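By letter and in written order, the chains are A, B, C, D and E; residue numbering begins at 1 in each of them.
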Amino acid sequence: MLSITLNHFLYLASALFCLGIFGIIVSRNAIKVLLSIEVMLAGVTVAFVAISRYVTPDTIEGQIITVFILTVAAAEAAIGLAILLAVYRNYQTVDMSRFNLLKW
Amino acid sequence: MFFSFTQAWPLWAQQIFYAIVPAVLVLAVVMTSVIILVWYERRWLGFLQHRYGPNRVGPFGLLQLIADAVKMMTKEDIMNRDVHKAMFTMAPIIAMSAAIISWAVIPFGEGQIISNMDMGIFFLFAVAGLGTFATIIAGYASANKWSTLGAMRGVGQAISYEIPLLFSLVPIFLMTGTFNLQEIVLQQQGSWFIWYQPFAFIIFYICMTAEVNRTPFDLPESESELVSGFNTEYSGFKFGGFFMGEYIASLTMCALITLLFFGGWYLPFANVPAIASLHTGMSGYFINPIVFLAKTYFFFGVTVWVRATLPRVTIGMLLSFAWKVLIPLTIVNIFATGLVLYILR
Amino acid sequence: MVIDGYGPLLGMIMIGAVLPTALVIFAWLLGPKFGSRLKETTYECGMEPTSEATGRFHIGYYLYALLFFVFEIEMIYIFPWAVAFHDLGLLALIEMFIFVTILVIALAYAWRKGGLQWT
Amino acid sequence: MFVNPTELNTLSITALMVIPLIGVLIIALQGKSENTKAPHYIAAATTFTVFVLSLVMAFNYWPYAGGDNQYLFRDTWDWVPYLNFSYDVAVDGLSLPMVVLTTFLLFICSLASWNVGDKQPKLYFALFLFLETALIGVFTSVDMLLFFIFWELELIPMYFLIGIWGGARREYASTKFILYTVLASAGMFISLLAIYFLAGVGFSYESVVASGVLRELSMLVQVLLFAGFFLCFAVKLPVVPLHTWLPDAHVEAPTPVSVLLAGVLLKMGAYGLFRFNFGLFPEATQYLATTLAVLGVINIVYGAMLALAQTDMKKVIAYSSVSHMGFILLGLASLNHMAFNGGILQMFAHGTITAMMFLMVGVIYDRAHTREIAKLGGLAQQMPMASSLFLITSFAAVGVPGFNGFIAEVLTFVGAFQSFPVLTIIAALGIVLSAAYMLWLQERVFYGPRKAVWNGLKDMNGLEKFNMFACLFVVMLTGILPFLILDIINPATVQLLGLLG
Amino acid sequence: MHEKDLIMIFPELLLIAAIFIATVADLFIRKENKSAVGYMVLLGMIGAMAALIGIKDYSTTFTYAGTFEHTGYSWWFRIMILAGGILTIMMSFVYAQERQSKPGEFFYLIAIATLGGMVMAGSGNMITVFLGLEMLSITSYVLVGMQREKAFAAEASFKYMLYGAVSSAVMLFGFAIIFGMTGTLDLAEAGAQLGGLLQGDASPAATMAMIMVLGGLGYKLAVVPFHQWCPDVYHGASYPVTAFLSVVSKIAGFAIIIRLVDYVFMGSGLEALAAQWALAFAVIAAASMILGNVAALPQTNVKRLLAYSSISHGGYVLLGIVAFMSLREAAPSNIAFLDGATSAVYYLFGYLFMNIGAFAGLMHFSRMAGSSEIKDIAGLAKKSPAVAFVTASCLVSLAGLPPFIGFLAKFYLFGAAVQSGYLWLALVGLVMSIVSLYYYAKVIKALYFDEQTVTDINTTPSGAGVTSTLAFSFAGILVSMFLAAPLIEIIRWSMERL
């Protein structure tokens, strides 16, 4: 039968995480960057849940932190979008290469 | 057991059998129900409005839907040139799939359920929530401002009413201590939860109506303002997908009302041994689904009745009603229930 | 992990996904294909389409979405609490009360600041 | 009036430092009256009180000068025990003259600031009094970290005093001053850290010397540590290649600040050298004595020659300070009893004499608004009193008998001759040169044809006369009765010589 | 959990209550009276501070299933963070009234961020670390961008948000790896196992996890490889927020880092490992000090200048951590034992006051001149001498000159570094302190020496808030110098209960 081990989940988690980082690096669209951050967090979540299930089946610490990560990710996304809205009002664009008032 | 004859089969065959047969059975019931319900709605609406409704095709117009279905399947599939083709095609499929899959956790009777998972209601709402994606994808992909606006309305409405909808169920969970729908119904053998939670029921009912975009909350497709809302650009079976998805979703919600507040497959006074025995054994296999479906159809009828009675509201009224009235009420209800339960314990 | 006991569910999901797809494809095969330039224009009650489809929307949608976000996420705390309520004491009720109070304050904030006003 | 110092809790050094801070507080707390003379009076009263107290302290110290207990009037408080760092102040024979000199000059300068302080008087006098605290702290710290703290602390008011009330290039001068000093004090800081970890007895000068750990180190390490301290003190002193901040600071600073700069701040360098370098590293001192002497002679001759070439009165005096500090360095480097006494007496003498000189320059600049020697001339007829006082000052600076400079120079030269005969003869050239530039200055400024431009100049006013005569009194008193100071210094030098072997 | 255990989070509960009340009250208070919200929050914070001091010796250590701990260490860090919050609130009254469209929110968001910092300092579990961090960060994003109509603020806020979100995701992934390797989220337990893992066969994965966690926290500290956001965000944000970020965020970050270092590297048999990592920390510290100080030299904007200076101060504190890691046994008995952690925390305590004081003072002058360029605040010392005096004192203290705490704290740090064998690091620190004097002097010079350039200055007083912030800062930098012994006593007491 189909047998899935911890490693499969960790590969998935790492892949999601790296995909997120990749997205942040390559995209110039601020919304895409926000989405990429969510993808990174999704990777983290997968890792935590899988580890919780396989490594510590007796405790639910991994699931608990996952719930918190989800919550915080939601809050962060909400705030991020709100800030982006403010940025958009000032710049009329979501292209990150145009956010150049400050020097970086 | 019904399927005891499979025990002699090899394992892989059993697995495939168990994977497919219950699903097909449920699907058959659901699809048939939709066909029946569309006719039922139109006739019932006709009656309420002092007109006939469909009455030409077949006896009492019973075959009207077959005719409609044939027409839908053979219409030309038009897509305007600005649409996002993949997303445009995906939307109705998602709408229908989401509606169908949510039936995986709905019990027709004790043990008559595809997946008796502990997180039943969570699963149901998670899957049903995908329908919202269908709406927004359809609106966005259509490249039509009425569609987009309709989709925005649809989503705004769906998410606003999702909160009181879920909050209104929390007292039920407080009482039952489980998310498993079958478990919840089993606890109602003695008395239905409607007696304990009338407020929760009323709120749930209102929210449910809004959630599935039925009148008086059918703003996403309000004809006078938005042509046909998010599905303006759809034709043929792609429109049919939304149409069927919506009816299945309504049915799901009616089923939920039945399961959560009206004792599911139990007849009244099911704690009386004579009636209780009806629900067990071989007779239960037939009586349970019949009672369940009968109740569900009844509540569907109630929604049609509401549709025929009330006018459509505006979007502002709709949304502020959810946030300013329903949510505070549900929260009060939660803590009242919690406190009472704590005192009674 | 061997997937066990979820077989029927998997079947339901598969059928639920395959059936609509099949129907859409089937309808596409059955239906006639005339096509014309006029048919492919965006439908705006027979008029020539005006302006972009994805313009700006009422800010209210956005505010409601944000509020929804918050409440929907809080749901994942309230639901387990509700289910486990039988095993928990009064303290849990009070804690949840505090928790929900924060939510209510958020709602009150949005209300008072006019976030729920649809003008 | 004379009390046994061991029982003398009422007379403490801390009190000397706290009184000016109380003055600062009073100045800070008195309303918004920007233009009254209140800060002037408060500052004068405070500095006078401190001066009197320091005199009382000196008189009380005197009978016990030769006693076993070297550090008297000691205040200690375990400040940071984890670092073995304590607040530990005391006076011995070496620091007492410096303390008296400081309090005296501060008092004189607070009077001399009568006009300077009119621009933001509150800030001026607050910084001024703060400076007094820091300076007393520098001269009385037994704990080396405390010494360092006061050393750095003195920079802050000085920076502002030059930077706000200075001349045209004040920012340049003050920045140069602070950067030179801070960079150099990093050297001391590093040596301090090294001593802390090598000796491991904390920061107390006394206990480090007593532990004798430093003397067991290899000569290289000793010399390096010596160099760290020396770098810091050499900038302050100033030793010739590091002296360039001094003319700038002197020229830009207002008169009273110049007085303090030359009269007290330069002495800090010499004092530090004598106390810490010599006390902590006797071997290295002996090893490097010749080098120090050579540096001293270069200072004397180079400073004097540059003084001859200046066209600005203040610069002449600034370079004369460089020259005179060379005498001190030579005296200290000679490592014998007489030269030590001479060197320390020279510190006191130069402090008072150079104060007189800068005060005189201030008098002239106040009236003529220029310090260009070429523009001045024939002032003796307009300002006879100033002329004669300047002449007396010149004599004092040159080392005419009867003034304390004479005693100091004689002792230094006689002592130095025993150690470095050749160098001393070269250094004697400095005396000749100093006579030359002082008398030349006198001649160019006060004599010669009377210039019509300066006709309206008034002679010195009462306050200026008081300042000058007060200084002159001290100079002549210690010139005629040098034992007043030598009796106090002598035990300290004897003890240090014992340390040097 | 016991009801009794709630006492140990009583300060936090008090603060939460104050925030609730302020939030609700804010909805009904008219715009011109919004200071009342600030007073409520301030009162709550002072109450929390009193409660915190009251529970100093409260014996129970853990609550909420071990996620929140009340040890001497967390106690002291919570005090520092709360003090930072109180000072920030006090200095923001005038700012919030004049420049903020939403002054009420401004106050309680600072309180929430402070609460986040306190949770971070008290966390005994990765969950709480994460929650505290995010509570602090998310509110900070909002605070930075609160002047929405200003493009500067919005851009700074967005950049800060991106950095923060990515960093916390990276940190979480590090946590996930650690969780996978050790099977626990408890900091102490996981740390203890991680020490062994870093040496064993699994060292690459463990090292990576450690780097990810430290990197994620590093952005809070703004030490060198993670510092890019700092000048921009400081430039775009308002003065009180900048002060808050540079102090409270930093202290909260160090609260976790010091504890992590202690748990992971201080086990027996890990000397070689700790030495390796200490070297890495030392390089970061040196880079921070050098880059921060050198890059600050050419700055013309006060906030950017202080941003770079704050980067360098992060480096100084890391120097103490380096000493902490390398100094494993007490030095020769005749020397007082220079404890690296104590020196780092002592420095942080001083930094708290001197930095907030400097920001408050410069806020006052920038407000006067209507600009935060150095050339525009020139000559304003005459207009408000007392503020100028305190500002100059704080800057002098930042430069490490006596008689303020900056000197003694730096001395302590350098001493600890030398004792632990990092002579070169101490020398770098020393040289960089001298370099820093140049740019701090530049600001002082502008205030005092230069002629006033801006003609239409705003002469309305900055109010009691700024005045009392300055008074407290001045008292702080002075008292923490003169009462160093009892202070260090307390810090050592708390460090022993790490």
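By definition in this document, a contact is a pair of C-beta atoms (placed from the backbone, for glycine too) under 8 Å apart; a residue touches a chain by one contact, two chains touch by 3 or more.
Keep in mind it's a predicted model, so treat the numbers as computed, not measured.
Minimum number of contact steps separating chain A from chain E: 1. Excluding chain E while holding all other chains in their positions yields the touching groups A, B, C | D. The busiest chain interface, judged by C-beta pairs in contact, is B-C.
Averaging Cα coordinates per chain and for the whole protein, the chain whose average falls nearest the overall one is E. In terms of the distance between Cα centroids, chain B is separated most widely from D. With centres set at the average Cα position, the gap from chain D to chain E is 43 Å.
With centres set at the average Cα position, the gap from chain B to chain C is 15 Å.
Averaged C-alpha coordinates give centres for chain C and chain E that are 41 Å from one another. In this assembly, the C-alpha centroid of chain A lies 67 Å from the C-alpha centroid of chain D.
Shared interface positions of chain C, defined as residues touching 2 or more other chains, are 72. Shared interface positions of chain E, i.e. residues touching 2 or more other chains, are not present.
Across the whole structure, chains are in contact as follows: A-C, A-E, B-C, C-E, D-E.
Partner chain C is touched in their complex by these residues of chain B: 15, 18-20, 22-24, 26-27, 72-82, 89, 92-93, 96-97, 100-101, 103-104, 114-115, 117, 122, 140, 142-149, 152, 155-156, 159-160, 162-163, 166-167, 170, 173-174, 177-179, 227, 232-233, 236-238, 240-241, 315-316, 319-320, 323-324, 327-328, 331, 334-335, 338-339, 341-342, 345.
Across the complex, chain D meets chain E through its residues 28, 78-84, 120, 122-123, 145, 148-150, 152-153, 155-156, 159-160, 163-164, 170-171, 174-175, 178-179, 182-183, 186, 189-190, 193, 196-197, 200-202.
Looking at the complex, you find that chain A touches chain E at residues 10, 13, 17, 20-21, 24, 30, 33, 37, 40-41, 43-44, 47-48, 51-52, 55-56, 61-62, 64-65, 68-69, 72, 75-76, 79-80, 83-84, 86-87, 89-91, 99, 101-104.
Taken together, the chain C residues at the contact with chain A in this complex read 1-3, 62, 66, 69-70, 72-74, 76-77. In the complex of the two chains, the chain E residues touching chain A come out as 126-127, 130-131, 134, 138, 141-142, 145, 148-152, 154-159, 161-162, 165-166, 168-170, 172-173, 175-177, 179-180, 183-185, 228, 231-232, 235-236.
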